[in-house]
Every structure is written in C-alpha cells, then in structure tokens.
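Have a look at this one.
So that you can tell them apart, the chains are marked A, B and C in the order they are listed, and the count of residues begins at 1 in each.
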Amino acid sequence: MNDVTMNDTTMNDTTINATPTKDPVAPLLAVRELTVEIGGVTLLDIDELETDRAEIVGLVGESGAGKSLLQAAILGLLPVSARVTGSIRFDGIEIVGASRRTMHEVRGGRIAVVLQAARAALTPTLRSDEWIDRALSLHDVPKAERAVRLAHALDAVRLDPRLLHRYPHQLSGGEAQRVSIALAVALRAELVLADEATSALDVTVQAEVAELFRELRASEGTAFLLVSHDLALVAGLAHRINIIERGRIVEHGGPEILEHPADPVTQALVAAKPALPRADATAA
Amino acid sequence: MTPTETFDARFVATDLEVRYHGSDPKGHPAFAIDRLELQPGHSLALVGESGSGKTTAIRTLLGLVRPTRGTVTWAGRSVAAMRGAELRTFRTAVQLIPQDVDGALDPRQTIGSAIAEGWRAGGRKGLRPSEDQTAVVRRLLDEVGLPASVAARHPHEVSGGQRQRAIIARALAVGPRILLLDEPTSGLDATVAVRILELIERLRGERGLGTLLISHDLGVVSRLCPRTVVLYRGEVVESGPTARLLLRPRHPYTAALRRSVPELGVPFRVPLLPSGSAAAINPMVGCRYGPRCAYALAGPCSTRQELTGVDEAATVRCARAGDLGAIDPLSEAPLLRT
Amino acid sequence: MTAADRASDEGQGWAVWLRSAGRYIREHPGLIVSLVIIGSLLATALLAPWIAPFPNDAGTATNLLATLQPPGGEHPLGTDLVGRDVLSRVLFGTWSSVGTSLLVIAASLAIGVPIGLFSGAVGGWVDEILMRVVDIFLAFPSLLLALAIGAALGPSLEHAAIAIVVAWWPWYARLMRGEAAAIRGRAFIESGRLLGLGQVRLATRHILPNAAGPVVVQASLDLGGVILTLAGLSFLGLGARDPVPEWGLMVEQGRSLFQTHPWVAIVPGAAIMLAALAFTLLGEGLRERLDPKGATRR
C-alpha cells in the first residue's frame, strides 16, 4: 500500500501512463482497499467496488454516507488535505496519486459525470452546441470530427436539435440532463458517474432519463455508476448494487440482495420503500 | 379531541382561475379548478409535476396570489376581502408546511424562539394551567418528536429532518385546522421521509386536522390521502379515490405517473412514447397532454377536453376515456412504440 | 488526543483558553490591533483631564515664555505657537475628534437606518418616493455638501458635526433599504407573514437583524472617514475654532510652521492617521465576520 497525498506531483509520469491493460476480464473500474482521511477522520473505508465494461452498477446510501466523497476520489478531485491509501484503477490506470495531465485526460474524456443540478452543470454563457463543441476541442477531438460526434450523440440521447441553440436557463431540467449525457456520448466516455442525476427531475422525466441510461449501455457500451439515495430507482436499472453507510460498503450484490437483505442498513432502506397498491395482488 | 365547531370551518375554492400578470391572455391559465373543498378531518392530494400549477394553487388558496376569476372562501368569507383581525384568524387557521424547509426559518432566530413566536401569533392557544411559554414550546417539540435541547439551536445547527419537524411544530403552535403540505418529503432520505409521514399521520389523527398534500410522489400520496386530484399544465385531468387512481387510472397521464414510479422488485418500466398521432395534436387548441400521450388520436383529441364525471366520486378529462376505460398502468400499452 | 484535550484533562482550563486566544489573535491581527488602539483612544478621551500634564493648555491657558519648544523635557511633544503643551492638547483632542465622530455616525445611523428599513420593508410607491429623496441628497458629493452646510451655519465644531450628519445619513438609508428589500423577499419572511405576524414585527424582529450586518460594517469603516472629514472641515476653518484642541484645527495651526517647527502639525496629524487607521481596520475585521460576501459598497 503506497501512502500518497493528492498533491504529490513527484510521481513518475511514465509509470502512470503505461499502456492500459486490455484484459477483457479485468473490471473497468476497480476500487480496492481505499481509505480517505481528512482532518484525522477516516471518511471512506472501501474494501472493494467494481464496475465492468458496459455494466450498470449502483451505489446507494443516505446523505453523509460518503457517496460524493467516493466519486471525488474516483475523479481525482479530493481536497488537498485528504490522505488517501489504496487503489483506484480505471482501465489499468492508477488514479490515486495520478498526475494532473493523466487526470485531465481521464476526467470528462473517459469518465464523464452527470450531476444533480442539471442546468448548473452547463456553462451559463454558452449555448448547448457551443458547450459541447468546446468540451470536444479541449479533449483534442479534431474539428472535422466534432460535428459527426455531436450528431450521433443527439440521436443517441434523443435530444431535439432545436434545443442545441438554447442557453442553460432556457432548458428544462430533463433537457439539460440530456445535454450533459449527450456530451458524455460525444466524448465516447467509457464510464458515466451519475450523481443523483435524476433526483431533481419530475418523476416522468426521471423515468425517461433512466431508460436512456439503459439504452446507452446497450448501444454505446457505456458503463454507469449510479449514485443515488433512491434504492428503488437503482434496483430497477443496476446489475449490481452497493450499499454504502458511513464510508463503508455494508452490502453488495445483484438485485436479489433486496429480497433478502442481510445488513440492517439495507433492511432499513428496503423498508422505507413500501410497494404501491397493485391490482393483481398475486403478481410477484 | 376535536373542539366543536362553532362555524363552518370549510375551505372552499370555486370557479378558480389564476393567470399571471403579463402572461398571454389567450394562453392557458397557470391554474384553474371548478371546485375544491377542504375540511378539518379530511385529506386531499394534489399530484402534479413542474408546470402543473400546484405551486400557484397553494399560493392562491393562501391568499398570496389573487385569482383572476373565482373565489377562495374560509368559513364562508372570501379570503381576498379579509383584513386585519379576520385575516389573522384565517392565517392561524390554515398553515403551510413549505417545500423549502431550509429557507423558511429565520437563520438568526433559535428554533424555540420561532415556535414561541408562532404560538403568540396564533393567540396562545392550548395553554394549560401553570404552564409558561417555555413549557408550551417543549410540549410542541415533544409532539413532533424533537428533544427539548433543539429549542436553543439555530436552524443551521440541526439536520434537515429536524428542521422539517421544527417547522411543523411552529405551524402547530398556531393552532390550525388545516395544513397545506408542499412536497413534505422531497429532499429527505427515504428513512427520514418515512418518519415524517408517520408524524403527519399521527398529528392529523390526534388534532383532527384537514390536510392538503402536494406531491409528485405517489407513494407519499397513497399513504396519506384517500382522495387525489391530478394536475397537468394548470388543469385537473383526473380526480377520485386515490386507490382507484393508482390501480385503474382513466387518464393516460395518471397512468404515466404511476408507471414512472420506481418500485423495488418490479422490473423497470419503459415509459410509453407518444404515438404517431400525438405529434398532430396542438395543445393550445386540443388536449394539453396530447403531444405526450401514447393513446392520442388526431380526431377526438384535437378539440378542447372537458372534465366529465366517471361516477359520483371521480372525474376525468379525456376524450377517449369512454373507449379506453380503466388503464392498467403496469401492462404494456395497446398501442405500439414507434 | 490533542494538546487541548490533555490540558483540559489535567484541569488546566486556562492553558486551553490561552491557546485559543493566541490562535484567534494570529488569525485576526487587524481586528485585535484595531480594538487595542480604539480602546486606548476611548480611555484617553475619558481620562484626558487626569493624564494630561498641562490640562489647562487645552483650554484658554497660554504660556508665552515657552512658545515653540521642541519635543523633550517638560513638554514631551513640544509646544505650539502660544506655548501650549502639544501632548496635552492632543490628548484632549481625542474627545473632540474621535468623540465627535462617534456622535456623528450615531446620529447618521439614527436617521438613515429607520428610513431605509421602513422603505425597504414596505416597498411600493412609499419606497420609490423615499428613495428619490435619498437620491437627491446622494447626488451631491458628500464633502462638498458638508462644506456648504458648514459654511452656511458658521464655523464651530458642532456645526461641522451637523453638516456631516446631513451629508452622511442618506448612505445608510440607501444601504439599509437595499438589504431590507433583499431580506423581504426571503422565504422566512413570507413564512412569518403566513403565521399572521404583522408588518412591524416582521420588519423589526426579522428583517432588521438580518439586514444590519453590512450597515454595521459600513459604519465602522466610515468612522475613519468621518474623523478625516471633521479634521478637514476644521482645517479649512469651517469647523472647530481656537482654542478647541480639535486635531484638524491643530494641523492647520501648525501648517505655516511646518518647515521650522514640524512637530506642531505632525503630532496631531499622526493622531488623525492612527485613529482613522484603527477604525478602518475595525471595519475590515467586522466585515469578515458579518458580511463575508462583501455586499458593502461605497
């Protein structure tokens, strides 16, 4: 276990930029034995958390459980005062202690983020098409290719092209969310961190965006890490679910863990979501 | 124990229409309803998403917004005409638990002081012999499940769930007959939300309150309110017993709402996409939900829809209600996805 | 276990207190320095009659045998043109300069804050009319306005003070009104209205405490400015008259002697600078604590 702090830039760059392993069996994202300590308090203590390629993985926990901190760690955006031990490997690249140049390439270009405050995530002074174009150019996509990628992304997220000419304040929450997702598709991100991406949306819009995640996984091969406090939403989409509480993963597995939850935290989360009345009471 | 009513403590809105200043007079009003009635001891839910007019509805009922047409009355008196002492009586009779819990308390005031202020404003109701203000505050805190130590704290020093309870305590201090709850559980963790709902249920029963619940969360609604009114873009699209609306909705939007609710153990529902005809519907002239509706037909749905009674307990606004009948929200639509 | 834990365990509460006091001083040097200086100034103002070596020199006494003595010996800061002890006059001047400035600010707040609060809390056409009146006052450069009024009333310290109050109160009215109007739109004010609270109670118990921060900051920053303005008016002959030991007047009296007898002007000038600096530091320190978003503008 190497003991590094996030601002350690003396790390040899060549060891980080080694050719990523193309081992099809290895997970896309592998968090192992990760601890994050700030101000003498251990805020994260994760034994293991994985996402395979083209897989939807859920991370469910209540506020303060450590969901946002874990995402910050994956993106290399922890505060400078954080002390990190352990490993976060993305496609073979070690993120803990990675150089700024490496993270610049990984962040956005390979790991995209969709945030809860949909409109706030977009630059207020840029129209949506300008915003996507600017991001593509920052990630060294040649000009000729950008239009093609944008068109493909629009199609994949089913975004009305007329919305591209709007500024963020002219978009609804769901529309802004689609713009963020369109960027992720245009950048060909392999992993999308969806941070309460649908919590602020109307329930019908939430359903549409959730379905969109499912479609993108199938058509683009994108993996998703769904971070949410809504267990039911995650359960309906994810292949694997991790329950996080106080910085630790207390339970993980497929959706079947919700039928027979072993951990009291999971049990409490399940109990908090009573089923709505159904016409056919004998249905499973 | 409900004190005997010496007057008709009914909250009624009739023939209501609210348009905002500067909005297109030919366009849709922000909110319109033929009749809405609320009494102590009864509960009603207003279900809708953003743009449905539910916020306008609450603000109009509270007298914060003047309706363009129609009246809101309390105990037979028009709210818009109330002044002074009469207005204050109305204010203490109808209390709002707002959606924005964090902003609703003065950051420089302790929670105990806020509750005491509410109690004094409401006329010091419910004072027991040999009790003083501090004792009343402590009793109210206990009633909402907060420890007495919270009284000395400021709003930012307690958790979101505790702030929610403190606001409820202050509203109760005023001694209301009717509670308006605007998205009481949004932003709260699921386990915290459950406890808030339990609290509301208990208080409602113990104090005989009437409640109007605004929510987009059908789970919350099904638990607390036997009757529901569904709003879409400012108008009522369906109303009736909550259980029936959830099991056998008659309006496609209600079905879409039901279908969109994530449920444990239920495979994720693909939301219905509009049919080919939906694109042909002009919402300014025909059905407002038309462009998003999976069941829209160019003919019947291109004219203004009226609210019709399904039976004496339920209404629906849909040209196709007759031939669609009750929709099973959890099955596949009869129409194909395009 | 931190050192503080250990210290409190061992019953050494004072060590804990010293440690946190030391840290506070290190983190807020400006605030502490300014409070020390201001404390000294206030003490001086109150104790001048007892600590000044030649108290009568601040009044009508003169000593023509000891005119323009350089600093040293009996007169640590020298004497002026008519032999009055500069140190004594500066000490007494604290009351004239700093004391008067405090009164000026207090009076300006007493007029401006209620007007601004009322205007901001009520809104509507009342607000419009009041603010237009304030705008008219604000259209004049404050110093010129003070000069004009001072000239019209005739020179005296009291008149100079009145002139500055007339020029200053509109700033507080406008600032208070802006803050009050912003607070009025906040959710907890509407909440209060829905509880049945009246306008007056809402304005005084809820809007005022939340809106007061920037006004308090501005007032403390202004103290330095008022001291300078008062000194300026006296310097120009529109304020205090001899023998009042007002610092600005003393600087004027020492102006023509500056080449040969610099201390006569420098000592009161340094006092002005020290006081103005102390209050500015106080204002900056308060701003950090009360108004972190820097809403104060001038």
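Miscellaneous remarks
One rule holds for everything that comes next: a contact is a pair of C-beta atoms (placed from the backbone, for glycine too) under 8 Å apart; a residue touches a chain by one contact, two chains touch by 3 or more.
Treat the numbers as computed from the prediction; the structure is a model and nothing was measured.
Chains joined by the most contact pairs: A-B. Of all chains, the one whose Cα centroid sits at the greatest distance from that of chain A is C.
Between chain A and chain C, the centres computed from C-alpha atoms are 55 Å apart.
Centroids built from CA atoms put chain B at 34 Å from chain A. The distance from the centre of chain B to the centre of chain C, each centre being the mean of the chain's C-alpha atoms, comes to 53 Å. For chain B in complex with chain C, the residues that touch the partner chain are 62, 64, 87-88, 91-92, 95-96, 98, 100, 103-109, 117-118, 121-122, 170, 174. On the chain B side of its complex with chain A, the touching residues are 49-50, 160, 189-194, 216-219, 222-223, 243, 246-248, 256-271, 328, 330. Within the complex formed with chain B, the chain A residues making contact are 62-63, 172-173, 202-208, 210-211, 214, 229-233, 235-237, 258-259, 268-279, 284.
Against chain B, in their complex, chain C makes its touches with residues 186-188, 190-197, 205-206, 209-210.
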